[in-house]
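For clarity, chains are labelled A, B, C and D in written order, and residue numbers in each chain start from 1.
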Amino acid sequence: MVEIRFHGRGGQGGVTSAELTALAAIEEGKYAQAFPSFGPERRGAPVMAFVRVSDQQIRTREKVYSPNMVVVLDPTLLEIVDVQAGVPDDGILVVNTKMSVDELRKNAGLTRRLAVVDASTIAIETLRVPITNTTMLGALIKATGVISVDALRGPVQKRFGPIAEKNLQACMRAYEETVVEG
Amino acid sequence: MGIAAEALKDFKGFHPKKLPEREPLSPGHRACQGCGEVLALRQVMKALGENVVVASATGCMEIISSPFPQTAWRVPWIHVAFENAAAVISGVESAYRALNRKGKINQPDVVFLAYGGDGGTADIGLQSLSGALERGHNFLYVCLDNEAYMNTGIQRSSSTPYGAMTTTSPPGKKSIGQRTWKKNVAHIAAAHGIPYVATASPAYALDLMNKVKKAAAVPGPAYIHIYSPCPTGWRHGTDLAIEVARMAVLTKVFPLYEVIDGKWILSRKVTKPKPVSEYLKLQRRFRHLTEKEIEAIQKRVDEEYEQLLAMCSLGAEPAEGEESS
Amino acid sequence: MGKRVGMEVSIAAAEVVGLCDVDVIAAYPITPQTHIVEHLSELVADGHLDAEFIPVESEHSAMSTCVGSAAAGARTFTSTSSQGYALMAEICYIASSMRLPIVMAVANRALSAPINIWNDHADMMMARDTGWIQTVAENGQEVVDLILHAFRVAEDHRVLLPVMVNLDGFTLSHMIEPIILPDKEEVDRYLPPYKPKLRLDPQNPMTFGPVGMPEVYTEAKKAQDEAVKESKAVIVEAWQEFEKQFGRSYKPVETYKAEDAETLLLTMGSISETAMTAVDKMRADGQKVGLAHLRLWRPFPAEELVDAVKGAKALAVVDRALSLSGGCGPVCVEVKSTLFDRGLSPYVQNFLAGLGGRDVTVEDFETMVAKVGDGLAKGLPMGYEIVNARE
Amino acid sequence: MAKETGIVSWKELELGCTLTEPGSAAQLKTGDWRSMRPVTNFELCNKCGQCYIFCPDMVYSKNEEGYYEADYYYCKGCGICARECPKDAIQMVEEGD
């Protein structure tokens, strides 16, 4: 079983990222859970969302304490949130940033394996809004392979309707541009 | 033309000599001797007939009509609790709407009545009533106002008139009895913009029955506030309910009017009103009042009646030359 | 056969209600129940569900409206949580006493104060003595299955009682997970059309809710108590039918690795799944630990409970609501009473856990089992503790 | 008699204590509450029906000649009819007289 934690700001689509990931995994025949961090936070506040994916039925309702994968949707969160909290040594952080892996490691003091992509630029160029949820799913897929782009297609279609194609484009472009540490 | 006016354009009232014989509320009920409330309810039910479902709030009319194993109801009737008759009838009406639409029943003409006393209407049930009026259910709500919690032993409500003695507004060295003015629920109902609101009195039985018939004919919510003398709680003779109810109208204490599609219409204009003291002196609940307090009540009654007249005149065409430029 | 899809559990709950040909829904929004009624209002707005959706002005009116609707012979649904339940509680007693087959989903949430929107079982415990049948879901699939089951049980003429389907707020209600929604034909096969036994009908007038004086109140309550007790057979029968048709099995008390267990955890609701993981872990360490979990809370399945726990030396009973200063939490009261009546006296410790959304972890269950083992070995007095309350 | 008195076994209760016989309260003899009885002098009566429409206990009904007759089985003796009769045709007299 893998556990994923998404960091975003309220209204940026972190919860949607988590939901789409779980829906894609279920589409692939796997078991999955997605849930938000059930808080009173409103638009703009740092929020988290969680996903579990497994080949077997998932029999736990614990919170996610030690995510194998962390996705950071907003680079400004790095200064205010410990995005690495609980992540085991072999875990990976997938970060929306204009920095390279080396710069990010140095500037943000991160010690786990990293994957970086300038998702904000991709989102603005492709979707005309700085909402990086589907874009960052491309990065997550590239970095971890936890789900496939094909499985994501259906849930994205259902969620975004007329703008689904653009979201998938952003996702694909992020997949191409994400740099994953070896 | 508003929806109420449209529904009432061919309205025919009851003929005073040919009132329906039906008594959907049967004799054998256990109301007090000379109860003005059960009389009002009897008149309501005579007007409505048998194709009706009734929801009752807790109160005298519930207790006296339904102690197991006998019921005074010849029509389907439900009592659930004190504060929710309007919500209960919302459910009944909605169920009928859904079941008729879905072809599960074929009973499109059933009338829905909810009633409560002043406590169940003006106090604890006001929220539920407001919700049901606002949602636009097709029902009639009748408040049988006997101006205190009679069922529990004559405690004051927000509908108890100024100065009245009740068991929780006793007159004493530091109190004249009820210290607040009566809440006007008919006005509150009218403020919901529902198609039909009226006040009625069992002393004017034909007027009452015609208003009930109109309320049932109007689509959407209707509200009738009925003045319901209580010889036990008001401390008057068991033969005086009608006399007191009539005097309430003749002294302008309880004016009769309708609000049809938001248009206020006086049912009967009191041109030579009797002094309020004539009304008060019939009831021992007011006997402790001094001249000064009676004057204050008279003043208030006059003011409220003037306000009502002003509201009724609003519906009239503006006189020539009064139009502002 | 329904298709396996990922969806939020609340949406799935609303979808299955929609499949059940409900006639009237009356509801008031309260977190974390909101998504259920939002989606139902969408189904009605879009014409997918032919029902009256009544957006009432309070939970008290929600249940009052449901009572009116059910008494008029309509299939009726509502949903609430926590404070909302508290407000409607008065009418819940009446719904059950009037024998009205209303179905209500409760997204379980803690009661104020302090105000807390998160999950525990305070609301369903407040409903304990109302005479409602109460079933408890542990995952999203069970929410769907139990709602369908609830309509069938409630409307069975041998039962005619309201049914509350409990699902943990957020932990289940806001979870996206795989769900198999039945298709309409399957639902229709399992759930016959509602035929009310008594109904508010001018063609056959009856008086609902008369005054019950001392001469009859006792008999009325006796009849109601018998009805609630008797409902268990129909509940079980409806689950057996469900298994035949859908292949998923439900029992009043379910067990996990309990056959030879010396220590049993006893849970209710979604933490049961976490408890299974804890049992697996402890079994891997060679401990003889198992789990009994309650699927049915009312009527209380006493015989089934005894069958499930009679071989165990020690029980760790987890409650998710308090009975302040009582001997233990409400589930444990029932467990102890049931065992005492039958001369059984295992070592029982009660753990008040997961209050107001506090997580209950695998490690917590391991600690409980260790404490019970320790208490049994040392002969420590039985009692309760509020788990993880910081000193 | 069990049905009239309500002294029944719990097994005999209708679902939710629902009462299925409409208007069964009409069996109750509320006339027992009365200490005064209304007596109508039909010679004074103008058949206006005030006694009928103002009676809280549904006591009066029209006979073949159009006069309103009291059913003492229900009459509680409140006296409204006597007070409201415009012709003073109704007198309240003590029971037993």
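Just so we're on the same page, a residue touches a chain if its C-beta (ideal position, glycine included) is under 8 Å from a C-beta of that chain, and two chains touch if they have at least 3 such contacts.
Small disclaimer: the values here were computed from a predicted structure and weren't measured.
By number of C-beta pairs in contact, B-C leads over the other of B-D and B-C. Taking each chain's centre as the average of its CA atoms, subunit B and subunit D sit 24 Å apart.
Centroid to centroid, with C-alpha atoms defining each point, subunit A and subunit B lie 63 Å apart. Centroid to centroid, with C-alpha atoms defining each point, subunit A and subunit D lie 80 Å apart. Centroids built from CA atoms put subunit C at 43 Å from subunit B. In subunit D, the residues that touch at least two other chains are 5-6, 8, 17, 19, 22. Touching two or more other chains at once is no residue of subunit A. Across the assembly, subunit C contributes 98, 205-210, 212-213, 215-216 as residues in contact with two or more other chains. Remark: the chains found to touch one another pair up as A-C, B-C, B-D, C-D. Residue ranges of subunit B in contact with subunit C, taken from their complex: 50-53, 55, 62-63, 66-69, 71, 73-81, 83-84, 87-99, 101-102, 104-105, 107, 110, 127-128, 130-132, 134-135. Partner subunit B is touched in their complex by these residues of subunit D: 3-6, 8, 17, 19, 21-30, 33, 49, 52-59, 61, 71, 73-74, 76-80, 82-84, 92. For subunit A in complex with subunit C, the touching residues are 18-19, 22-23, 25-27, 31-36, 38, 40, 58-63, 155. Within the complex formed with subunit C, the residues of subunit D that make contact are 5-11, 13-20, 22.
By the touch criterion stated above, subunit C contacts subunit B in their complex at residues 23-24, 26, 50-52, 54-58, 60-61, 64-74, 76, 90-91, 94, 98, 193, 200-213, 215-216.
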